[in-house]
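Below, chain A partners chain B and then partners chain C, in two separate complexes.
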Partner chain A sequence: MTPERTNPAPALLKIRDLKVDLMTVRGIVYALDGVDLTVGAGEIHGVVGESGCGKSMTAKSILRLHNERRCRTSGEILFEGRDLNRLSRREMEQVRGKRISMIFQDPMVSLNPLLCVGEQIAETIRRHERCPKEAARQRALQLLQQVGITPPEKRYGQYPYELSGGLQQRVMIAIAIACNPALLIADEPTTALDVTIQAQVLELLKRLSGEMAMSILLITHNFGIVAEVCDRVSVMYAGRVVETADARAIFRNPCHPYTRGLIDSIPRPGTRGEALHTIPGAPPQLYERGAACPYMARCPRAGAACRVRPEAVEVSPGHVVACHDVKGGADHD
Partner chain B sequence: MALIVFLASILIFAMVRVTPSDPIASMTKGKRISQERREALVRQYHLDKTVPEQYVIWITGALRGDLGNSYGKKQPVTDIIASRLPTTLQIVLMSAVMAIALSIPIGIICAVKMNTLIDRLLSTLTLILVASPVFLTAIVLMLVFALKLRWFPSFGAGKTFAENLYYLFLPSLALSLSMVALIARITRSNMIEQLNAPYATTAVAKGIPYRTVVMKHCFKNTVIPVVTVASLQIGTMIVGAVLVENVFALGGIGDVLISAIKASDYPVVQGITLLLVTVFALINLLVDILYAAIDPRIRLE
Partner chain C sequence: MTDNARDIPVIRADHLKKYFPMDKGPLRRSRRMLRAVDDVSFSIAKGEIMGIVGESGCGKSTLGRVLLNLTPATEGKLFFQGDDITGLNRRGMKPYRPRMQMIFQNPFASFNPKQRVGRALMEVGRVHGMSPDAARARIEALMDMVHLPAEMLERSPSELSGGQLQRLAIARSLILNPDFIVADEPVSALDVSVQAQILNLIMELRARLHMTMLFISHEMTVVEHICDRVAVMYLGRIVETGPTEALFSNLMHPYAQALISAIPKADPDEVKARIVLEGDIPSAIDLPAGCRFSSRCPRCTEECLRSEPELVDTGRGHLVACHHI
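Let's turn to the complex of A and B:
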């Protein structure tokens, strides 16, 4: 059902029609409603969208970090020839931290406060490489150096509370890259950091991606970050990917009205005094799975055709959009 | 710590004196005595001196290890404590060990199996235990295990150490059950909180098996508040033990304390209360050391 895309890089991760329903006390939430996402080898792939659109849920579902007892999951997550959704618990543990690793929004609470940071890095290495303690320690010291934490010998024994937010996130990155994973999922890695530190951390991620030929799935709500570091980008809305394109193409030629709205909402210098552009309305509550395009209510170009959910269409090589309007509005009133 | 014990000693001393009672009556067990005899007793026990003077006499004695003589029993308070304390301490220690050994695993199981049948069952059980008073649990345990099944003796403390452990098993269990309930509930709620903490997710994302995440990463973080509550509980248990001691006819320290209060036996009341305060303070000190061992953030202060 998904049209074949011409990706420059061979696909490393291919998510097809991923659906996750959350059972909550207030009813079923259709958190992910058919996500299609492909990450190429060595590529930095951004995922953008408003709060609650399913970016983080997608990230967590890949590593199956969400509470599986309270979720109903369907669809495929193809990674290195296997469907992650079908792996056993033990097989999944072998993937986590070794082939795919993850860093999170708030490094302060994402590190164990009672273990020194070196130990937290070495633990991952010991777990996956089955090497002696001293070797793991040496490797951890090397990793600290690699992510720019010096002097590593001194930092190794320090506890998370003794480090700044930026250093904590670097430690998280060191943990994540410890076993040379093929894919790093970064869930809003810079949101909790100062702007100057943000830039450094992004620079580090970009450098590591190049050095280690590691793909990064970068979850963010910040288009500036996309412009800076991403090769490709997917825009999510209401649990679906509405547009995927090269990072440049998305700024030059945003096809989905939601993408256009988001890009127009970026404040620009020299427009002081003018009201900031906003998208009217709020994202829909995901308590029901409607038949219509979920963006219809907020869309400036909505028409009769939008009562039926649009399929994703490839408008140009590598540029996929899920909107009825891209063909020139033929179905419009 | 020394300061706390010192201030507490003043408070204890003052409070004992405030109660409207006649210590002489306690010495003579209410018998009529001559005026001379009465005055002699008053002088012998320094009751003619002012309260601060009495305090100085008492506290200087206490520092030398002499807590004075009981009014009623005419024997040194230290001897009374020495004869009664071991049983109480043993019950308290045994029940503390039992309580911790039972409650922490229960709490962890409940947290990991949150909202499943096993969690519900254990939670209900602990809720019942926390609600039932110690003397009731003690009587029920005694009826079932000592009188009906005859697995354990129903009274006495035994003579050798091994006998001690056996004789005091039921009383200790009775005393521990309410503590088990409380600590298990606290462990459960803390563990649930820790399991949902982002660092636990990080550990899972690193590929660490869930069991190790629970026992290595979350356990240490869970245990800190548990230690606090457990230590406070152990303190209260020393006095709480009196109910169990009564049911199982074990002469413990709580028993002596309560009869001494009824009889206005000042030295005994003061001596035992001071001892309890000291034990409390010692436990607190231990807990502080334990905290620092667990949590690096506390080591700084």
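Let's turn to the complex of A and C:
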């Protein structure tokens, strides 16, 4: 498995065997159970999965935004040659917002309601760079322009409540790209937006990734978004990545039965009234770390081998699957 | 529309309007109005699922509430199985209440967190004067229909998943054997595999019980999948409506076209010319004269700024409100 073959772009972020256990009142939740994920430079990498599969937890763990006193973390998060898990708090503050930034689902709760949006952008610049006030203001105006908020002079002094959800998310993006980060983590950035506004924001993210050679880790539950904007995709289930491939390959040749099940449950045009494909059962509770494949109970292809957790196998260049059933090669269907 | 005399529609809306006053001046005489539903007419025949699709703030949820008389209409007429129920108060609505039901978006919010779900379901029968034994028998039969074990009735909502609770909400809506159900975004809060289960369940129940339903959603694909007829709303008005197949095979209104083209398709090979609309949805307060889509419409002309287009039949019950058709 040579890096050139799996990933044409050199790796910017490499997560290896990331495990996060959460201490809760109901017991230990094994939220992440050995996540392997590689994001190439300039790549838009999608992470898909259903609620509770650990996709947001992965994002938070990269920036170490989770409550570290209630978590047990192991594994490596290699970013620009350093393991983020080993950085001190002060070193981490230099990474957050500067080299890696993040935008969230609901822009209204992420922005400060008492500060006009221009100042929130300028504040981020001054927090990370030595920069006179006026220069920061000028940069903020440029950023507003860059994310398509016009006229910037007027919008600079407006407060979040004066802007629509789409514009608020654009402000969040402006803040996130203010210091030219190498990686932007976008956690369901368009889930709270209407579909026509979602299209605008996705176009913007795609354009910015190209213009700034910025990688994006795009977390979503929507396979449509993956098909539209992502170069590569990782599908997560029960705290693990079960399949990683180029976006096209995920749709053309989904190898993991879970990926296939998810894609098949999407209603397609021209199939009105037909029963939709469903996945039996529900995702497992993560209170214990079982030895078996976590998808076994719901899998149509489960066999005796599945009592042992499958390792990730590269079935074709750049296409990695964690399932016993595809070991021989990707010749299913 | 299907308004012939031999078959009385289950619900018929006739130039329905719902305005909300914005600023209450002295003597509560308000000037500015938010026109949530602005002159909407349609009817739903027995056994039909009608879909309402549109973005947030287009008035689709308000429309659903007005149809059930949960909030009185400002203007227009509302008929339920031929009876004029416009403006009926609580008491006047009483005989109709058991015949109409609603399913909501968030199942966690539509169950009392401190009450076992079984009791929540029993309550429906109690309020409407069913004997406890009859109610219990009915609930057990319904649990079977929504594919849940009867033991689940002993659980509290926090012990159940979103999909299970939404099944219970559907069962609850069916206890009184209603003639009409409004489902307001019933699958929007669910993951895609669970969404597929609930959509399958709705299709199954409709085949078995001949349910009549208004299905409100913001997702074109979902509406296309389960509805017989669809209406696309924009800022309080229906801009395009028709039988599902006719409508989706030939979307004519520029807004409907943009709405469907904005949906990210789960198919990377599909070549398409994406229409990305400029700007935001304007506010439903102080709408301008002319077509309400004119501010975002790629085809806007002078005529569109002058006069508001009416819904015009283009054949086969496919109606469009646009000057360019």
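Assorted remarks:
Heads up, the rule we're going with is that the second predicted complex is superposed on the first by the 322 of 333 C-alpha atoms of A that agree within 3 Å, B and C clash if a C-alpha of one lies under 4 Å from a C-alpha of the other, contacts with A are read in each partner's own complex, and residues count from 1 in each chain.
Note that in this section a contact is a pair of C-beta atoms (placed from the backbone, for glycine too) under 8 Å apart; a residue touches a chain by one contact, two chains touch by 3 or more.
On a predicted model such as this, the values are computed, not experimentally measured, just so you know.
Shared-chain residue A:R96: touches chain B; no touch with chain C. In the superposed pair of complexes, A:M172 makes contact with chain B only, with no contact to chain C.
When the shared chain is aligned, chain C comes close enough to touch A:I266, but chain B does not. When the two structures are aligned on the shared chain, A:V326 is found in touch with neither chain B nor chain C. In the overlay built on the shared chain, the residue A:G224 is in contact with chain C alone; chain B does not reach it.
Of the two partner chains placed by superposition, only chain C is touched by A:T196; chain B is not. Within the superposed three-chain model, A:H277 lies in touch with chain C and out of touch with chain B [touch as defined at top]. Put chain B and chain C next to each other and count what each touches on chain A; the higher total goes to C. Of the two partner chains placed around the shared chain by superposition, neither chain B nor chain C is touched by A:L141. The touching residues of chain A, when paired with chain C in their complex, are 50-51, 164, 166-167, 194-200, 202-203, 221-229, 247-248, 251-252, 261-263, 265-269, 271-273, 275-279, 282. Within the complex formed with chain B, the residues of chain A that make contact are 63, 65, 89, 93-98, 101-102, 104, 106, 109-116, 123-124, 127-128, 159, 161, 172, 175.
Contacts from chain B toward chain A in the complex involve residues 197-199, 201-210, 217, 220-221, 294-297.
Those residues of chain C whose C-beta lies close enough to touch chain A in the complex are 55-56, 161-163, 191-197, 199-200, 203-204, 218-222, 224-226, 244-245, 248, 258-259, 262-269, 274, 276-277, 280-281.
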